[in-house]
Structure formats: structure tokens, C-alpha cells
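Starting off with a structure, shown below.
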Amino acid sequence: MAVPAIETVKLTKVYKGELGEKSTVGVDALDLTVSQGGVYAFIGPNGAGKTTTIKLLLRLMHPSAGEVRLLGESIKGRQALAKVGFLPEQPRLYGYLSGREFLDFVGRLFGLSSAERRSRAEALLERVGLKDRAGQLIRGYSRGMMQRLGLAQALMNDPQLVILDEPMASLDPVGRKDFRDLILDLKKAGKTVFFSSHILSDAEMIADRVGMLHRGRLIREGEMADLLGQRVEAVDVVFEIADDDLLALKLTASDCVRQGGRWLSCQPDTASANRLAVALINQNGRLISMTPRQPNLESLFIDEIGGAS
Amino acid sequence: MGLLLLSLVLVVAVSRSQRAMDMHRHITFEDRSPQFLPNGKALTWMSLGHRASLADALWIKSVLYYGRRVIDEDNPYYAYQAKRSVDDASRRDNAHITFLPDTVPGMDSALLPVLFRMGGRGLVNDIYPLLDRVTTLDPHFIMPYVFGGVSVLMDTGELDKAESLLQKGRKANPEEWRFPFYLGWLSWMYRGDARAAHQLMIAALPLKGCPPFVADLIEGLSGKLNRKALTIRYLEGMLESTESPEIREQLAAVVAQLRKSE
Amino acid sequence: MRLLALVINTFKETIRNRILLNILVFAITLILLSLVIGDWSLGQQGKVIKDFGLSAMSIFGLLIALFIGLRLMVQELEQHTIYIIASKPVHRWEIVLGKFLGLGLTLAVNVALMTVALWLAGMLMEGGIDLALLPAIVLIYLEILIIVAFAMFYASFASPMMAAVFTLGTFAVGHLSGFLYDYVRLYPDRGLHWLLRGIYHIAPNLEKLNLKMAVVEGLKQPPHQLLHAAVYGLSYLALILLATALVFERKDLK
């Protein structure tokens, strides 16, 4: 069995209160296990502790209690970070360097040889679409360019584990698509991608596994397919029927809405939708479409939050 | 358009008022007295490690202070002050002057313009406090001691202050020949004490850098050369050993004048 | 090597900072000053230029140490550029040392260029290069490095404003500690004497690194005095850097 990419045991972070204020718990005895390969989405509302957790994983902050292991190695030694790539939220990079110089600097920090640094930097600049701006000082980069360069630096060491904090938060739709594609490429290359986000639709599109964080605790975790599959979702039925026959369908006024020449009815589950369909046919109505409402992460999330608080 | 006009008016106002201020400057401009400067020891600490530079800055200030008041004859303010001070014959006003020519035995009247110009009497009351601070800040800076002990003395006659400054210098720089030398010179010229002068100059002789003419002076003192001849020998010796062209010029002029009156 | 990469990075950052323009200001002022100062100092311009030159070197260096030294830490922490480096397999102490050495390198270039300017001015006036100034210049450089170290130390745990105040305060106390020592010796019965003694021993005794007056007047320094001063300065510097590394190691990068 391969070692988990990320493993935390009772990871805790308590912030001491300032001058008489109570201390607050940022991360509460978190037991997180992320296996290698695939994309893991770490979601939660703002203030849930996602960024704090990520900082604890990378030794940017010191835990109050608990352990962290990345790719089997304890975070206490610096070497655990050698195979990890990290892109912080809204990264700020050194304005006085050019894009290429910056990647070269990062490469040196990893101890790469000058040939390796050069070839990797060029390849990554090409991949993130910054090749023709690589000689420009970072000072002049736009938000999107910095994000892309940030991803490039995260991949300089060809990491096995890539950790991204809100990678798509400040990007436009085209940028978001690029990023999603990049993440999927990383997955195809066999890497583990761990990212946090509060944009649930993005998470839904690319994640294999989801962990939901709320108030420093993991309240729900599982495969995306399983989580969403469990949810019972409503079905929208669109049909045509003569006004006189409508009553016979035994639909209450709140059940249907007129849309042009058609009716839309929202049925609570598949069974009742099927019953409506049968009734329609018996009444000489015409069934146009039966569309299950897409189960989505957002509604699941809202439910969980509601339940947890 | 309006902005252009406004800027033009402002420029004119600025230049006009500047010119007006300049015209009145040398009449109303008063050197701020250095009496509010903290004492030397305090300044040493306040300089936070830059005592030599502070000493230099105060030295420059002293020179400019002195020059403006004593040498700058075109300045109407100071000319007025100087006139007042020279006309005032009352001893009470000049009580701080501790040298008076008639108290020195054997004083030659020809030497008076050299030794006792008195042009600065009452004008440079702050020079000794300034020089005191300079020398406390930088005790090995020789020029201020010599300036205060010799040049200033000639313009103000404050013998006690001159001597105490030179003695301060001697204490801080026991290897410097100039201090016993000038103290000796002052003893003889201004106090008529040939024996003390002889002793001091002998102390100066073995010190590093002491020029050979000092030996001649000592010989002159023991042989009791007359005052004027000794002064000429002294000035010629100084002429030889000075590098500064301005000072050489002045010394040569004085020597020429003295020779003429022989 | 990682440390070298950090040093070079900080060197690039600080040297591209246009602070080297201050050298131009220094050089031009020095040369202009040397033209007029002869008259104003009754022929003492040699001494005056050297005194002013050394003082200016020290002051410029300290201003750079204060502003840029503080900025090195403060900017990284406030702008969160630190996240990128600190999440690499790099020790926190390497980050501190790398920044310090990088700025130290820039300052060395600064001081070297100013020394050349001073020698040029000296040549214009006196026709010679005064090599005797070198020991004072070396110790000036050491003093500047100590202030940089303090600035980084304070910046690693205090707000930028407080760090600036503390650094300036340390500089002042560093030069006044001799005064404290004298005071303690002269008035052993006055209160707070243990406090002043304590301050004297803890604070950096920057006056011991001050040879400016001595070299300009050509006073001979006993050679072991110079060595002791250098050892004192370097050991003190190492202590402060160590303390900074320790604080930075434990720091949570929020």
C-alpha cells in the first residue's frame, strides 16, 4: 500500500487570545488522510480553517498539537517538502525579478542543476502560457499572470504532491478553465493534487474526493460520486396538456408553473415524477422532458453546515 | 489662462520679496549667539559617534563667526559695533581684557600694531566658548587651540583665556611642540616673564617637529635680545615653517613693517 | 547551494533598489565641499574632508541599514512573499542569513564605492591616498552590519513602526553606553545603577567600533585594540543573527 500523500493525526491549532480575549481554535484535532493519485478538494466557508490547515501542512505555522506527514515523511524535517509543490492564495512574487529569474531562483532552492533549471523553467513557462513574458519583471504582471507563474514555481521540482490554496479564486472564466485543465494534466501524470476552494462548482468539476471543513473540523468526507449520488434530488417535468385536463392530473397549484405553452412541475422524487408521466399519458398530455435536478456540492454543503451548526 | 496668470504673479512676488530681504540682510542679520550650545562633554555624547565631524563643523562656524565680525570691514553692522567698542575708553567695559600694553616692561610701541590689534574687542565674546567646545569634542585638533591662543589674543587681548586654552591643549597633547612654544611666547611678549618663557621653550625643543629657529629664540631670550629683534626673529621663523600662503603673506607684511620702523 | 541562492536573491533585490544613487550624492557633495572648505577652515580642509567623509559614510550606511534592513523582513512578512520560500525545503535560519548576507554584500559595494570617492577627494586636495583610513572604514562597515542585524531582529517580531523605533534606540544607546559607564563609575551610589550597568553590558558598545577620530589624526592604535574591536563586533553580530534565527524559526507566518 502506498503511503498517503498527506496524513495528519489530531492536528490542532489554537490561537492565544490577545489581552484578555479567549483563545480561538483554528484547527480542531484534524485527522486527515489523502491517498496518492487523484484530486482532493478541501472545501469550506471562509474562516473554516482551510488556509490554516494548509499552512500547518507546510510548516508555515506551528501546530499546537498533532502530527503531519507528507508522503510518509514527518514535516519536522525539512526534507518532507522536497517533493511538494505549493501555490499560496493570491501569490505575491518578487517584483524585482523577471519571471525566468524567479523560476531559476526557485530551482536553486531545490538544488537543481543549472541545466535542469533552465529546461524545466522553459517547459513550465510554455505550459502556463508565460513564455513571451518571461523576461519581463514580475512587477508588471497582471493578477492572472502571477497566478500562472505561481503554479509554474510550484511545479519546478516536479513534485509528487501539489498543494494549492484557492487556486482559481481570482481568475476569469478562461483562466479557470486553463487551471482546471492543468490540474487534470497533473492528475494524469500520476501526481496528487490537494486544493482548497470556496468555489464549489470548480471543485465539483475536477475533484475525485472531497473533504468538508467547518470550524476547524472535518464534517464530511468521501468520493465525489458517492457524496452526490446519495442525495435525493427533485425532478423537473415539462409537459403539454389541454387546460381542461390539467385538473385531472391532481397537481396542486403550487406544483406547476406555466412556461409559454407548457407546464413545468417540480416533483420531489423520481417515483412521483414517474407517476405524473403515467397520468399525463392517460390524460392525452404530451411529455416534453423529465430532467433530474443535478445533485450538487453546494446544496450538499449547505445541508451539512446547517446540520453541523 | 487664469492659472498661468496666477503662477506669474507668484513668481514675481517670490523674486521681489527675496530681493527686498537681501537688501536688508547685512543690517538686520545677526549671528545667532552660540551661547545656547550645550557644553563640550554633552556635545560629545550628543554627537553619537561623530565628534570629530561636529568639532569640524563648529570650527568652521568659529572661523566664519570670527571672520564676519573682525575681518569683514565692509559689513556696516559690525563696523558700527567696532567703532563703538574702540571709542569706549572706559576700563570697566574692557575689564575682561587682561592685557594692557603699559603693564609689560620694555614694550616697544612699534610692536603694538602686531601684538595688540584690538580690532575685535567686544565683538567676539563667544569665540572662546566655541573654541572650548571644539577642543573638548576633538582634543587632538591642534589648530583651534593655536588660533584661540595666538590670533584671537591679538584681536581681543584676553590673555587669561588664551593661556588657559593653550594649557588645555598642552594637557591633551603633551607631545605637541607648539603648546609649550606658544605658552613661552605669550609669557615673554605679553607678561614680560623671560624666565618662564625660557623654561617653556626649552621644554618645546626636544618634542617632535619642533623647528630649529626655536633654538635661536631661546638663545635670544637668554642673551636678552631686545623685544623687537626677538619678534622679528620669531616671525621669520614662523614664516619659514608655515605652509599656508595666506598666513605667509600676512607674516611677511608684518616683518616688513617692523623692519621699516627700525 | 541554497544559502547562496538566497544571498544572491537578496543582493539583486537591494542593489536594484536605486540606493546606489546615494553614492552619487555622496561623491558629488564631497567634491563640491572640498572646493570651498579650505577657506572656511583656515587650511584644515584635509582633516575636515576626511572627518565629514567618514561620518557621511557611516550615516548613509546606517540609513540604508535602517530602511532597507527593516524592509527586507517587513516586506516579506506583510506581502506574504515569504510563503513561497518558507514552504520549500529551506531552513528558516537560512532565510535569515541569506537576507542578511545579501544586504551585507550590497552595503560592501556601497562602502567600497564611497571609499573610492573619498580617496579621490583626498587626492584632489592633498595629492595622496590615505590608507590609514581603512581600519576605521572596516569598523564603520561592521557597525552598519550590526544595525542591519538589529533591524531584522526587531522586524521579526514587532510592527514596522516599533521595529524602526527600537533600531534607532539601539543605535543611540550603542553610542551612549560609554556615557552610562562613566556615569555609573562616577556616581556609584545613585539609584538604578544596576540597571545602567546592565544596559551597558547588553547594548552593543558601538563607540568601541568608532575609530574615525583616531585615524584622521593619525593616532597610533595598539594593534590588539583593533583586533579586540573586530572580535567584539563580529561576536555581537553573530549573537543577534542567532537570536533572529531563533525567533524566526518559531514564528507563525499568518
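Letters A, B and C mark the chains as written, and numbering starts fresh at 1 in each.
Convention: contacts are C-beta pairs under 8 Å (C-beta built on N, C-alpha and C of every residue); 3 or more make two chains touch, one makes a residue touch a chain.
All of these numbers come straight from a predicted model, not from anything done at the bench.
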| item | value |
| --- | --- |
| Pairwise touch network: line, ring, star, complete, or other | line |
| Reference chain B; chain at largest CA-centroid distance | A |
| Mean-CA-position distance for chain C and chain A (Å) | 49 |
| Mean-CA-position distance for chain C and chain B (Å) | 39 |
| For chain A paired with chain B, centre-to-centre distance based on mean C-alpha positions, whole Å | 85 |
| Contacting residues of chain C [partner chain B, same complex] | 37, 40-44, 47-48, 51-52, 54-55, 58-59, 171-172, 175-176, 179, 206-207, 210, 212-213, 216-217, 219 |
| Sites on chain B touched by chain C in the complex | 45, 48-53, 55-56, 59-60, 63-64, 138, 140-141, 143, 147, 243-244, 246-247 |
| Parts of chain A lying in touch with chain C, wherever the complex brings them together | 55, 58-62, 78-82, 84, 86, 88, 91-94, 96-97, 101, 105-106, 108-111, 150, 153 |
| Touching residues (chain side chain C, partner chain A) in the complex | 1-2, 4-6, 8-9, 12-13, 16-17, 79-81, 83-91, 250, 252-254 |
